[in-house]
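Which chain is which? They are A, B, C and D, in the order written, and residues in each are numbered from 1.
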Amino acid sequence: MNRPVTTEMITDRMKEFGTVEQVRKNRIRVKTVPDKLTDAITTVQAVLGFDRLISISTVDNGETFELLYHLIAPHRLIISLSIDLPRDKPVTHTVSDLLPPAGIYERQIHDLFGITFEGHPDLKKVILNEDWPDNEYPLRKDWKSDPGTFYGGINVERS
Amino acid sequence: MAGPGTGISQRLVNWARIKSPWITVYNSGGCNACDIEIIACLMPRFDVERFGILVKGSPRHADILIITGHVTLKQASRLRRVWEQMPEPKYVIAVGACGASGGVFHGLYHMMDCVESALPVDVYVAGCPPRPDEIINAVVTCLDLLREDASHGGKEWRQKKPVTGMAEKSPTVES
Amino acid sequence: MTDPVLILLYIFVFPGFFFLFAYALFLSYLDRKIAARMQQRVGPPFWQPFADFIKMLGKEVINPDGVDVKVFDAIPLVALAAVMTAFIYVPVIGLSPVAFSGDLVVVLYLMTLPTLALFLLGWLSRNIFSAIGGIRAVTQLFIYEVPFFLALLTPAVMAGSWSISEIVVWQQHNLWLVFLQPIGFVVALIGLQAKLERTPFDIPEAETEIVAGPWTELTGRRLALMHLTSEVSLVTGSALIAALFLGGPLLPWTLSPVWLNVAAGFGLFLAKTLAVLLILSSITVATGRLRIDQLNDIGWKYIASVALVQVGIVLVINYLWVTP
Amino acid sequence: MPEVVVPIGPQHPALKEPVNFRVIADGEKIVRLELDLSYNHRGIEKAAEQRNFIRILPLLERVCGICSHSHSTVFAKGIEEIMGIEIPPRARYIRTIIAELERMHSHLLWLGVAAHEIGFNTLFMWTWRDREAVQDTLEEMSGNRVHYNMNEIGGVRCDLTPVQVEAALARLPNLEERIKKYMDMVNSEETLLIRFRGVGRMSKAEALKFGAVGPTARASGVDYDARRDDPYLAYAEVPWNVVTDNQGDVYGRTRVRVGELWESIQIIRFCLENLPAGPVRTDAPKNAPKGEIFSRYEAPRGELAHYIRTNGTDKAERVDIRSPTLANWTSVAMCLINQNLADLPVIVAAIDPCVSCTCRMVVVNQKGSTNKTNSPDTGVAVRDLGSRLSRRRP
C-alpha cells in the first residue's frame, strides 16, 4: 500500500456494501447483505489490504442468525463484515475459496448452529459425537439439553 | 505350599508389582492441566523413577491407567477400549475434580458425567489440578490396594455395587 | 580346564548364564542410574531391573487375535539363547575354555539374531505400528552391520587369528589394540550403540512416533524375555569390545597364587566393561534420535568409509611389520 | 509400498492431548492427513451463556490448562471495556506479570516436549526443571500452580506483597542464565539442528494465506503480535520488542519461542520493579450494558480472540471463543504434506497444539487431488455406549 490506509478511506470505500460504523479506535463494522458478502470480501482483500481472517463469529439473536467475518491487515485495523440470515432458511455461500481458514470455522458453525454453506468442499458433521442426532443444533438459543436422567439416576437440570 | 497368596513365589511377585508400577496416561477430554502435572512428576524435582514408576506409551505395557479429565461422549468407547487392552492386574486412577464429578464442566451437553460411568475407578485424586506430590500419593495408595488385593486373591472382593449402566449391558466392542 | 564338570560349571554358573543374568541386570541398573544422574534426577534403586523383570513375568499374557501363539512365544526365547551363548566365547576370567579359532565370527553372528527376532515379532503381531517398527529395525540392521563387522574384524587381521582368546593373548605382548586402531574402536562403539538400539539409533522403538515399535504387542513373559535379551546383549557387546580393544581380562605379568591372578583378571574385566558402558550411556544422554534416512546417509557416507580406511591402515601396517 | 493408513489415535505418547490423525503415508512420506479434533468438545460456549460474570471466569480458565490466564484475561478485558470501567494500574501490572509468567512456563514446557519428540530427553528434563522456578513464583502469587484464578471483573483477586515481589525478582537471574544457555544450545546443538532444520517449512505467503498465528507465523516473518497491535494491560508502557524470524521451519519456531522467553523475563522484571501502588480492584456493576466486543489477546500459542455480546443482564449473551491452535491446524496440515512420517510429531509439536482449546474442527487437507475428501472416524462403532447416552429432546 503506497499510502497508509486510514479509517476514513475504508468507510467511504465500503459505503456501497452497507451501513459502516466505527466501533472503536481501530474497529470498523460493516453491515451487509448475504449476496453482497463475497465481493465485499474480495474488495477488502484486494483494495484495502486485509490479508488475514481472524475468525467467523455467530450469534443467535432470536429470529435471525448473525454471522460476523473479522479480518485484519498489516496496518492494524480490524474490519468486521456482518450479515443476517433468516432463522427458517439459514443458507449462505461459502468463502473458503477466498479465505482458506474459513473452511474450518464454517464447518463448526454448520455443526453447532445448523447454518449451511453452499459450495463448501466437505460440510460433514464434525465436532459432535458420531451418535449425535442430525437435526439437533446445541448452540441455538431454543435448544435445551435433555433434562433427562443425570447419569446414575439423579435428576439434574443440565445447562 | 499354603494358599494362593502366601507362597514364596507369590510374595516375590507381589513385591515386584509394588516395586515397579508402570503407568500410562490417557487424557479423556480434560483441560490438560492434570496432564502437565503428571508429566511434572517425572521431572527432576518430583522424580518418580526412584519409586520405579515409568510412563509407558502403550497400554499393553502398563499396570496403572491414569485418566485425566472428564469423559466426553466421543471418548467413552475409546477409553473403554484402552482399558480393555491392559494386561490383568490393572488399576485405574481418575485425576482431578473432572475425574470425580466432571468438575467445572459438570452437566454440559457433550459430556458423560464422570469417569466411573465409563469404567470402574480404583483411586480418585482431589484438586484441580492436583499437585504432583498428590498424584504420587495416589499411586502409592493404588499400590496399597494392590497389596490388599494380593492377599485376597484378586479385585473381586473389593468390587462395590456393579457400576450402573455398565454392568447390566457390558458394551460389546465389535471385533 | 578340560574336565567336563568344570566346563559345565563354567558355562552355567560362574561366567556363564547365572552370572550373566545378574550382571545384565546390574549393568541395566547402572545405565539407567548414569542417565538419570546426568539429567539431575535421582534415578532408580538398585533392585529396579530385577523388580521389573519379575513383575513382567507375573503379568497376564495377551495374545493378539490372528497371531500364531507358539511362534510368538518361541522368538524371544531364541533371541535370548543366541545372545547368552555368544557370551560363553568372550573371555571373562582368563581365556574361555571353549574357545576355538573362528569364535569371533560365531559371536558376531549370534549377536545379530535379536534384531531379526524383533523384526519377526513386529511383522507377526499384525499391528501397523509394530510392522513399521520391524521394517525400520531391519533397515537399520543393514546400515550399521557393515561398519560394525569391519571394525571388529580388523583386530583379528592384525592379531593374525580369528579367536577372541588368541587376540587377547596377542595383546599381552604388544600394545592394546585401542592404541593401534583408535578409529576401529570408535566405529565399533557406534556400531554397538546402533545394534543395541539406544537413543541416537533407537528408531525402531521410537516411543513418540510409533508407539513402541515391534514391542507394542508384547505383554507378560514375552516382554520380560525381550527386555532381558536387550540387557544381556548390552553385556555381551561391551565385553566383546573390552576383550578386542582393551586387552581383555589378562594381566601383563602373572601374580604368584593362581586364584589371585584369576581374581585380578576378573576385576580388570569388570573395570573395562564398566568403562565401555559409561561411554555408551553418555552417548545415549547427549543425543537425540536420528531419522531413518539421515541414519542412512551418515551410516554409509561416513562410518562405512572410515571403517574402510581403518582396514587399509591395518593391511599396510601388517605388510610392513610382518616382513622382517 | 502401497499407501498405508497410519492412525495416530487419540491415545498416543507423542500427543499429550487427544487428537486423532489418520495419516495416509506412502512408505515413510506423508501423502495426506486427516485430523479429528473433536474429542475434547465439551460445550463450554453453551454453558458460558448460563453463568453470571462471577461464575464464568473459573469456567473460561479451564478451557485449556496451559493458557488458562489468557482466556480469563481476554474475557475480563472485554467485559470491562463494555462496562466502560477502568481497572487500577496496579491490577494491570499484576495481570501483565501473571500473563508473562504463564508465557514463560508455556514456552519452557513446549521446548521440553519438542526435545522429547525427537528423543532428546536431557533437554526435556532440564527445561522442565527450570520451569519449576516459574511454577513456584506463580504458586506464591496466586496459590495454584496451573489455574491461577487471579482475574475478576474490575481487577485482580489478590495483591502482591513486597516479599513475593522480592522472591520473584530473586529467581530471574538464574532463569536468565539458563535461557541464555538454551538459546545457544538451540543454535549450536547438532542433535537438535539435524532434526529441526528444514522440517515443516512454511513461507510467509503461505502463513498469511492459511491464517497461521503466534510463534508459528512469526517464524515465517509475519509480523503480527496482538500485544503491540492492540496494546492492552501494561504492554504499552513496557519496553519490549516482537521476536520474528524468517526461517519458517521448526528451527525458526524454536528460535522465536526462546527469544520470546527472553523478552518475557525483561517484561516481568520491568513490571515487578516499578509496580505502581494503589488499590487492586474497583467495584464493577452487576450487569453489563447491551453491547458487543471483539477482544484480542496474545496467548503463548498465538492470537486468542473472544467475541462477546452482552444483553444488559448479568450473563453474557454469546461468547465465541477462537483459540490460537484452531487457526494453526490448517497451516500445520499444509506443512505436513510429503514430510517424513518420523517428523510428524515434531511438526505437530512445533505449533504447540493445545487441543483443549480447539474443542472443534476437523481439518481435511487436499493435496491437489479432487476437493472431495472426507474424514471417516476410525473410532469403534459406538452403538452400545454412545447411542444410549446421546441426548434426545423430549
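Here, a residue touches a chain if its C-beta (ideal position, glycine included) is under 8 Å from a C-beta of that chain, and two chains touch if they have at least 3 such contacts.
Owing to the predicted nature of the structure, the values given are computational and were not obtained by experimental measurement.
**Q** Any chance you could check whether A-B or C-D wins on number of contacting C-beta pairs?
**A** If we tally the C-beta pairs in contact for A-B and C-D, the bigger total goes to C-D.
**Q** At what distance in angstrom does the C-alpha mean of chain D lie from that of chain C?
**A** That gives a centre separation of 45 Å.
**Q** Give, as an integer number of Å, the spacing between the C-alpha centres of chain C and chain A.
**A** Once rounded, the distance between the two centres reads 62 Å.
**Q** Quick one: chain B and chain C, Cα centre-to-centre, how many Å?
**A** Here the centre of chain C sits 37 Å away from the centre of chain B.
**Q** Please set out, as single numbers or ranges, the residues of chain D touching at least two other chains.
**A** Within chain D, the residues that touch at least two other chains are 12-13, 38, 41, 43, 46-47, 125, 129, 379, 382, 386, 389-391.
**Q** Quick check on chain A: which residues sit in contact with 2+ other chains?
**A** 128-132, 138, 145, 151, 159
**Q** Note the residues in chain C that touch 2 or more other chains, in rising order.
**A** 39-41, 207-208, 211
**Q** When you check every pair of chains, which ones turn out to touch?
**A** A-B, A-D, B-C, B-D, C-D
**Q** Which residues of chain A touch chain D in their complex?
**A** Residues of chain A touching chain D: 24, 26-27, 51-55, 57-61, 68, 70, 72, 74, 76, 78, 80, 99-101, 103-105, 107-108, 112, 121-122, 124, 126-133, 136, 138-139, 143-148, 151, 159.
**Q** Hey, which residues of chain B end up touching chain A in the complex?
**A** 72-74, 107-110, 112-114, 117, 164-165
**Q** Over in the complex, which chain A residues touch chain B? Could you list them?
**A** For this pair, the touching residues of chain A are 128-132, 138, 145, 150-153, 156-159.
**Q** In their complex, what parts of chain B are in touch with chain D?
**A** Result: residues 26-37, 39-40, 43-45, 57-59, 70, 72-78, 80-82, 103-105, 107-112, 118, 128-129, 131, 165, 169, 171-174 of chain B touch chain D.
**Q** Would you pull the chain D residues touching chain B in the complex into a rising list?
**A** Touching chain B: residues 9-13, 16-18, 38-44, 46-47, 58-59, 62-66, 68, 109, 125, 128-129, 131-132, 135, 145-147, 354-356, 379-382, 384-386, 388-391 of chain D.
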